[in-house]
């Protein structure tokens, strides 16, 4: 019976209708937790350690009782409810200095459910299209050499509208055995695309997109992309933090260099440890889709906080049955808001930043390394 | 007319008959010097600088007038009487610490003459055979990756008798991109060969041969190789010097481990900068073949010395028409002797050692490097 | 920002300046009046006066706030740059009298600067890069300074202020803002320099060693670890003093206590000790400005993680909103989570050397919290293990007059002794 | 050969001894009586007496012959190990009095050994490895010595003789005969050691830097270059004195003159100067034992090569059977061909710093052959360029009492200053 809850959740017509899906979500979530507890002994141990009795979780208010696993746990332990060989995608999070990476698995079932989720969400955001587009991917060219979730998702995204051409910013270089950034080819491609009738879509790391556009701006390039062109960004917000690019400045830059309006810039918020994609609304707010619930927790006590309070972001989702991502505690601080000019009633998430002081300064030997490890 | 001198020299029936070939040698040598002077401007300059008039060289006593080029010259300068692309073999000498190598070229003509020389010499030493043998090569496996004269000569030598099998001590390793020493395979091969009826021939660096046999001796291995088996060594005497292996100890070791008699151990003396191969006699003396003349020069004045005196070894030969090896001053000290129990009348060469004190000790910075460079 | 012979410039001038740097340094050696220690001392003294007179509050005050440095501490540090303190430092470290040979008049021995120093500064405290240059100047050297990543301009401001006071320092100070990744430029600096003075973590030290040619000296002031050593009968007074160090430095300094080693083998006793220290911290934390929310959140997460894996580690965790004490079951010397998160570990006296000696040059300060009878034997063992400073618990991060730096005298390392024969002509005797 | 706590063993014991080395060193730190400088001094003094009494002639005499060291020089070196000389060395280098702070009784400052030194010896002179260990002992350290390749056993004999005299030195001396290629073993030594003391060429220094972890200090005594600087009016007396250094050291020492820089721009003058020096050498060479035939042959070849390429280099070559002087057209500081082959190059006074400073820490000794009026300005420029010893021409390789080593004091580098608070209990005052 509870298994049907996830199906119902995925079948629900409005991907932002929380009220209408709270119960299904709760049921799907406890079923997901139970599934992992059955197949993954260490997950079961943790439920026990925190005295979490799944049967007492009845309403959406109760889901906070499921002990969240911190992302650092996934980085330091491998934890799966399915054998490795059954996984079709083994996603690893990138960008940690210490080299520690989260290992997240997905099976066909998860992929299929994920597709249903994306179908609904993209439909809502009018991203599906039959018109052929030129893709500019600020990410890695697909290759057998590397296994990065960003690469997979960026490439998968090029099927949302049929591709005329795909140009990658990071291309595999056999000589060096690594990726090389090739922004020149991107630039030339963009200049050419502006003269054609096919819309373009850019995809990928905001930092690279920004660097290229900034360089083009300095060269005095101002293009007008074909109607229907989109700039999509996502997959790695850390770069954005450290470059401290003001979002509005970025939107203005896109408008000036590519002639694409702010409303046609779409950001996707996501995390390797959370199996739900979150496109922003036209006001660039990250509304939580029904496949996910967000709890903001007290930075000192980890107790759930009310709306508008700053705390650690805790994602909950029943979408992955391979790795226990049921309730995941991120390293990010955020605020959950209600009400948005775009009309969506689903709460929206404001990201404040990463825990830990940025550019922390210390001379205690080894501490830098340690701090990096925990980020 | 003079060109015929070299032909006559090569056609002479006795490769150790100096008296009978002195005049042809002298003519061939001056012709060779004239050839290089015509085709290589810097060689012509050197002849001029040393006021060497080739026309005054009439008898073998006069050949000392041709200015010898020190080997260091070939290491620091490229000097050829033919364009590089015409060369079929570009031999480089190995083993210098500083990385400086002599570049010696050979054309088809040189190779052909070289073959005629080897035909005569090997015939004299009864090395040609129609019986198939197992080759154990203490040298490099042939590969496109490296260009070492030792490798080429060792491999070429495996055609002197038809090969049943070839086992190499140094095999190319694709993983590391370099050669790896594999003495175990050699050892097993030798043990196996002792049980077969085909004779063996070992070829190559004396040091490696010695190490392997020593190791086998320590394991108590004593084999009896099939009749007609030969141990041939050569191509790199430096290793022998530093390990200070007494030659007799080496012969005894071969007898003990492989059951091969001392008279079936043949050493080849040679140098990259001298195009003549010198097999030793049954008393292990290096007799100078008619294709070569040796002058021992005063270590202080470079004037020619009489027999029995210690001095720097100067090789003269008309065998190479590509690089001016006409008269080459080696870095070795030696003595020229006359008379040998083997009956050969050709003088024989005793090698004393390399110039420069061995294991020279200094703390003046950079001096080590410098000293290595000149060796 | 670039500071080049008294001129402040944009980073875009790097290439131009790099091209002339070597020649300009050599020109100074050739023709400038050799740098006199007194110029530097007077300039520092005057700058100190100006700072006391609040002329530099616009840069000093934000620093004090950022690093939560009490005004009193700052005043103490400032005193290190007074004429009296610097004169004392030079006299103690260089001790020119000691160079005199009384036994032989045919030889002279004198200290000379190494010549040109290349300082690779670390980013932990913003005045340190300037301090390193001042030490280089006191020893008479030309100084090339690579600013740490994220430098906020304090060093350039201070060094430029010195030049304003004493323009003769101009050709002795060069500051560049080059990223650590620009190895090519760093290699150029190091080729010019007689010595690289490298501050920073192991990676920075190692990188300098790999980069520099053999004829470039490397003087490294690597990151260090400090800790407290306590017997079970440590007094409350001492524990409070230690907590004071931990609260006031946030454990960010090389000399801050990262944790407490306790002379026991008994985990139950260790846990009781940890709880006792936890309670002492609880009684004091209100006196200190709280650490930023981001940091607190990070600790909450880290300790929550520790809680999840507690079955495996058997650690006992005492957590307060603002700080924590964790009693561990291992003896490894390691940095704490910083910002008032203290580890407590067993370390019986007999195991001190074998446990700590492998950390050798990483060790710096220890405070000993013990009664009089055991104090000295602890001290001897800790010193043998490699500790170079034994301090009172509340003074672990307090620098005393004429203290060595990590066991060495910087000015000595920045100079060389030159032995000269007195030529016959001058001596008027000897064959 | 291995010397391990007073036991001489075969190299085959390496693995066994390596396995226990760290624990044995730590055991010494834990329980042995700290090494007293006086033990070392007394032992060295007694050993010196025995050597004077010819008890070690079987190893000493072959060395003197091999390196052509005059008996008088050897006696001079021997004096360096007398009680008086060593006491002077310790007093000068460590100068314990200078550690006393008069201003503050709340703090103590004392010198301690670093702990464990790993000496990587070079093979140039056979007693040097033992000398390095003795310096380590004088500073109170445990010493691990890696013998140079081709070591003939002199170091082990001498160090073992020291132990025979003073058995308390046993746990402070470990000698291993490990080839430089056995990086894994060397790494193990360096992990145990507080500092690597590396002797040898640039490659050895660089290898140590690359090998060592960041918390292992590296103290390098790299190879150096020395030379003479002469004005055209240099006296025959000075030139003869210089030739004496060249003949007697064969230019093999760091302090031997490799060549002569002449204060001129004129090649004709340079050639005349070279010929003059050549003639002076010619008048003296008969007084010295000839160099070995192999070496002479090598020079003959090298100079024959120079003759062939003379068109390009324009060098003027003065060659004698036993020595040579070559007047070059470049200014590069470089080793000579050694064994009495001297280069002569132009180096006008104004170019001294720009030409020599790039060699920075490779520079060691210079002798100045000039009249009184220019002598001091030459000296100042040479020192600024990085030279650390200015010697009389015949005394370039002569070590004076209390001389620094390449500008540094070894015992200082082998020790650390420890700053200790005097605990309240002991002090009986202060809050």
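The letters A, B, C and D name the chains in turn, as written, and every chain counts its residues from 1.
The criterion applied here is as follows: contacts are C-beta pairs under 8 Å (C-beta built on N, C-alpha and C of every residue); 3 or more make two chains touch, one makes a residue touch a chain.
Only a predicted model underlies this, so the values are computations on that prediction, with no experimental measurement involved.
Taking the definition of touch as given, a chain qualifies here only if it contacts chain C and chain D alike; none does. Number of steps on the shortest path from chain A to chain D, with steps defined by chain touch: 2. The highest number of C-beta contact pairs joins the chains C-D.
Of all chains, the one whose mean C-alpha position sits at the greatest distance from that of chain B is A. One finds 63 Å separating the Cα centroids of chain B and chain C. Averaging Cα coordinates per chain places chain A and chain B 70 Å apart. Chain B and chain D have Cα centroids separated by 42 Å.
Annotation for chain A: no residues touch two or more other chains.
Within chain C, residues 201-202, 222, 362 each touch two or more of the remaining chains.
If the chains shown are joined wherever they touch, the resulting network is a simple chain of contacts running from one end to the other without closing. Put simply, chain C touches chain D in their complex at residues 26, 29-30, 88, 92, 95, 98, 101, 103-104, 107, 109, 112, 115, 191, 194, 201-203, 205-206, 209-210, 212-218, 220, 222, 350, 353-354, 357-362, 368, 371-372, 375, 379, 381, 383-392, 395, 400-404, 406-409, 412, 416-421, 423-426. For chain A in complex with chain C, the touching residues are 45-46, 49, 67, 69-70, 72-73, 299-302, 310-312, 329, 331, 333, 353-371, 374.
The touching residues of chain D, counted against chain B in their complex, run 122-125, 150, 201-202, 222-226, 251-254, 256, 258, 292-298, 300-302, 304-305, 308-309, 311, 321-322, 334-338, 362.
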